[in-house]
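Shared chain: subunit A. Partners: subunit B in the first complex, subunit C in the second.
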Partner chain A sequence: MQNSAISPGTQPMIIRESAQQKRERRFHFLLHVALIIYFFITLIPFAWTFLTSLKSSRDVAAAPLKIFFSPTLDNYRAVLFNQYSADSAMARVRVDIPGAFLNSMIIAGGATILAMLLGNLAAFALARYKMPEREVYAFFFLAFRFAPVFVFIIPMFIIYQQVHLYNTYLGMILIFQVIAIPLIVWTMRSFYESIPAELFDSASIDGATRVQQLRQIALPLAAPGLAATAVLTFIACWNNFVFPFLLGAKQTQTITLATITFIGYEEVAWGMMTAAAIVTIVPELILAMFVQKHIVRGLTYGAVKE
Partner chain B sequence: MTLQNRTTRRRFVQGATAGAAALGASWLPSQTERIRAMQDTFDWQQFKGAQVRLILNKHPYTESLLPLLPEFTKLTGIEVPEPLILPEAEYFQKVLLDLSTGAGEFDAFMTGPQIHWAYDSAGWTEPLEPFLADTNLTSPDYDEKDIFEGLMAANRWNLTLGSGIGEGSQWAIPVMVETYVQAYRKDVYDELGVEPATTIEGWRDINKKATKGDMKGIIVRGERGGGMSGTGFVSTFLGYGGQVMDEGLVCQINSPEGVHVAEQYCASVKESGPEGWANVTWYEGQESFANGSYGQYMDCDFFTALYDDPEKSQIAGKVGLALCPHADDHDPASGLWTWALAMSSRAQDKNASWYFIQWATMKEQMTNATVVGRNYNPTRSSVFDDADVQKTMGSWANGTYLPTVLENLDKYARVAWAPQPENTFLATRWDQALQEIWAGDDAQTALDNAKADVDAHMKELGLIQG
Partner chain C sequence: MMLPALIIPIFLALVFLFGVYLTFRNRRLNRGDLGFVGLDNYAKLLQDEKFWHSMSLTVQFTVIDIAFELVLATILAVALTQPLRGVRFYRALLIIPLMTPPVVGSLVWKVLYRSGNGGFFNWILWKLGLPMQGFIGDPTQALASLIVINIWLFLPFVAIILLAGLQTLPQEQIDAAHVDGANNWRVFWEIKLPYLIPFYIVAMFFRVIDSLNVFDIIYGTTKGGPGDTTRVVAVNGYENAFPFFNISYGGAIFVALWVLCMVVGSLMYMVVKRSQAA
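For the complex of A and B:
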């Protein structure tokens, strides 16, 4: 075959290309299979949690593991409406999940709004204006993230007790600035830096004030970044356990705290706890779905600078 | 109730309405009568207008107490804002934070002997014996003697490191007690023709016999730092005459008794227990025994409430209880834990706080806690005598529950640990040694190393000399 009428070199080259294409196809096929398997593996904890939330206590503890079972909404009734059907000590647990959910919305929402206001001003200033020791200021914000929470939480507890911020919404919103503002400053700073300086210079020549430059140029152009940062900040606040645990009490109990109260002294109410966990992630899921486009765009937006 | 006929919405509403009506018909008049009767014999209103702030552990006792708080306010005129309730791990952190910083956020709280020793020596808790002795502050109906003396003693301490339990001040009043027992599958043991073992060798032998097919003979806690050495194991250790620490706070876990018990215990778990023993938590042990995977779980007595609950357990009606193994020439033993109510030394109104502790530990509330709230085990002997309690608990574990637990409470249960602040370190290091033995290390060497580490730690902290 190698000595056929086809000009030398042509046929072997076609064969090589074909083999390469096959290899590439095979590689892509295997890659996709691997990614699909990985995707399902990452889904297992969520699926497990969801299925457990639909099981009765007996099915939760069954051995061998029950894949097929009669689903029940009892756990959701208990968690959402305080309606308990089983006669057990755990059934008398009165965890106020709706109340805790509302508290989380107020605290995480309030903290995100306040931090977005303050953090964006700082990020814009650090990105656009030359000032002495600018990097020191920027590092100062980041330093809050370096310090382990327990370094400052005990003094904060004492201070909060003395200034009556303990167990208040305002106190919770303020303490969350410790994690929210550094996140916003450092994320948004790169977005603002990626906007061409000429735009601000032109606006400045036209007489725009710094606030106008921020409002009319920077914020609209950095909208994807704003959306992504706001969502990430909200999630960080929503999931936080330590601050509401140590600086709050019954009146400001958030949903992360309320969920663990299904761990009782005499048994663990896995069904109710997983139902509460599902309820807990719903707002984050909804939020993430609505702004998913912005998150993906936002996370890569600041990566390429002028 | 089967899974098929579990509550529908309509049935739930009907049931809830009927329940509320029954409560309204039976509970309210008796509540008024009870308050009147209590006021006849004692001035409950002398601290009217005060406030008592509570932090409570997530516990059946707590759940039973919450609906009664308005009755306390009606009786005394003392307000009780909604208490903060947390699971155990978070609860202890929160209490420690409040007490150690002197914040004084809470007036009364739940605790237990091993925990409040640290608070007592730091002056964070208020001695309660002056209140108990004052007839102006304690009702003649209180009947302190009705509370098991061993449990009151467990919450007394003279602040001497290493000794003095049962002496000195009364730091807390017990509201719940757990002891440790062998909970075994009676049907399996009957089929094998064996009785629960009285010695560790017999225990190992029976566990081996009960291991067949899908069933393994034994499950016990195996997670380091999760009470692994502190329940069934330490009870057996005590039953062989072991002593965790001597009065000079020198660790004794590598004594000949300690080595013998550890050797047999770990060997039995290795040959007849779970493969991933080092990760077994208390609830995994409880759930695995309840789903029929094991022949025995040596742990808390009150877990029997779940084992005999057909809604949650596949072994309801098939369980028996027995005391933990012990040496032939030694009495059985059991460690114990009591939840107890204590008062912060920073309580804003100590008399009002005592009124709450007193009321919450009286016969009526304790009986209600057990009958309605499933607070097992009660700490007053009169509660055990109550007809409803007898009816409920009397049938548990095929009738073996009450005799076994009462025998423990009357004769054998005691605090296993020496009063000193480093029991958590000691227990965790002991857990590690048991895991090493289970993994194949020599028992004597593993326990010698653990003892050396504990002693070195205690020396470093200046708790022992030399």
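For the complex of A and C:
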């Protein structure tokens, strides 16, 4: 069907339009089907994880697998409250998930707060002040994103053992700045750049210092971006595996790390592992829902604005 | 104002330099510092077949992973910018895998990949009367199975970037092309795709760096095996540095990987800068 033949207001157009609408409706129907199939496939792993987490250790081990089974909350009792049922074959594998959850909150939260305090200063300076060496600084921050995290972990492993920061909250929060500061500097810089310059110009004529401009103009105006950036930084820290894996031990074990400890050499505690995975993911999904609007900007370090 | 924010990054940069210095020594986690060895670790690296094997796996992983992500994400982004009912709901679903910690995501897939008819995929194959597969346990399938996990995790990342790009494309431009007689296919190839180029570059910038550094999902599943079939550079370097105690040699492997990432990353950074300036 040739669209070019359409000339507004003529009789045949109405007929043609309805034919086109019909075609469009069929296309949209097929698109819905395709998208539903796509999301069904991508969400199967979560659905299966959730189902597995409701199985008793006997049902988990069953082969062929059981689609129908009597659900149990034993795995959640174990991972949420450290209550292990006596009949659980997996009672031998004990991981303190509530403790790990708390560790994750302290480490990811602490790292986010510290990086927000420091990173916003740099972000604001990079956005507002036209220093010739500005791009050099910006690149310096971004270069951390290029680097394999192991180039920091290996020397830090030696340093931390010397200065007793190994397996401490402080040590964790410090190493997490490798990922937190660049993310905040680049994302917040793009938020600050989108604030009209005149606002700052008139404030500086009135004698406001840079810090006052940041506190009284930039921060309130960038508040939604600030919140989104903080959430994404928190999630990035929460998701990190290698820092607590190599620079910490039991006392700083995060939940991401704890989930993997259900994999033993002889057996995998599938039920508890999947329950722990659900406990790890759900808080993040709740947080992520609040920042959907700014998620692209955060994920691309401010390179793509929505 | 810059200064307070620079203190920690400068300290971390010094830590990195100390790491480079360590590669010129022979430091063992179990035997201490065995002295200065100059470029020996790098000379060893150049002749280490395991290293080159891991490098080849890493490049394969990166190229295949990103090729699939770019193509599939393009289709998804175009689909999700159609005037569909419920499109916002679909977009919300899109980011779920992206918020999952990669290591946990890989564990989730490990459950699906389980061998025997107790595993989800194998149970389906078994029900259909098809031969069961080893997936991550089979040397010929392990790398591909891991790429599937990685695509599942990061396809949404590329898709939402392209989606954001398509949403900024002025609708008038598309309408004008339609009036000129262009069909949807030509609008896609001649308007949408060229418009998206800077967005592709941004997405690739992050995806290439992250794929070259892939570690979490492999540690969560195969730990490099079976055999050496998934022992990528990061896994190889980690093993040398920690389980094998040779922290200087492991460090040298990561310095080599750092050079590769720096070259690739800087080139793409310059392209991004230029495309934004234009």
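Here, the second predicted complex is superposed on the first by the 269 of 306 C-alpha atoms of A that agree within 3 Å, B and C clash if a C-alpha of one lies under 4 Å from a C-alpha of the other, contacts with A are read in each partner's own complex, and residues count from 1 in each chain.
Here is the rule we go by: a residue touches a chain if its C-beta (ideal position, glycine included) is under 8 Å from a C-beta of that chain, and two chains touch if they have at least 3 such contacts.
Nothing here was measured: the structure is a model prediction, and the numbers come from that model.
After superposition onto subunit A, the partners subunit B and subunit C occupy overlapping space and clash.
Judged by the touch definition given at the top, the superposed model places A:Glu284 against subunit C, while subunit B stays out of reach.
In the superposition on chain A, contact of A:Ile295 is made with subunit C only, not with subunit B. Set side by side, subunit B and subunit C differ in how many residues of subunit A they touch, and the one touching more is C. Once the two complexes are overlaid on the shared chain, A:Ser70 sits against subunit B while remaining clear of subunit C.
Applying the stated contact rule after C-alpha superposition, one finds that A:Phe157 touches each of subunit B and subunit C. With both structures placed on the common chain, the touch criterion links A:Ile260 to subunit B and to subunit C. Using the contact criterion defined above for the overlaid structures, shared-chain residue A:Phe39 touches subunit C, although it does not reach subunit B.
In the superposed model, A:Ser56 makes contact with subunit B only, not with subunit C.
Stretch 92-100 of subunit B is the one among 2-10, 56-64 or 92-100 that clashes with subunit C after the shared chain A is superposed. Residues 61-63, 154, 157-158, 246, 257, 260, 263, 268 of subunit A touch subunit B in one complex and subunit C in the other. Touching subunit A in their complex are the following residues of subunit C: 1-2, 4-9, 12-13, 15-16, 18-19, 22, 27, 76, 79-80, 82, 84-86, 90, 92-93, 95-105, 107-112, 116-120, 123, 126, 152, 157, 160-161, 163-165, 167, 178-181, 183, 199, 202-203, 205-206, 209, 212-213, 215-216, 219-220, 234, 237-238, 241-242, 247, 250-251, 254-255, 257-258, 261-262, 265-266, 269, 272, 276. Against subunit C, in their complex, subunit A makes its touches with residues 2-4, 28, 31-32, 34-35, 38-39, 42-46, 48-49, 52, 61-65, 118-119, 121-122, 124-126, 129, 137, 139-152, 154-159, 174, 177-178, 181, 185, 210-211, 214, 235, 238-242, 246, 256-257, 259-260, 263, 268, 270, 273-274, 277, 280-281, 284-285, 288-289, 292, 295-296, 299-300, 303-306. On the subunit A side of its complex with subunit B, the touching residues are 56-63, 70, 72, 74, 77, 83, 85-89, 92-94, 154, 157-158, 161, 166, 245-246, 249-250, 257, 260-261, 263-268. Across the complex, subunit A is touched by residues 3-4, 6-7, 9, 12, 16, 57-60, 63-64, 66, 82-88, 90, 93-94, 97, 101, 103, 105, 283, 286-288, 290-293, 302-303, 305-306, 309, 311-314, 373-374, 376 of subunit B.
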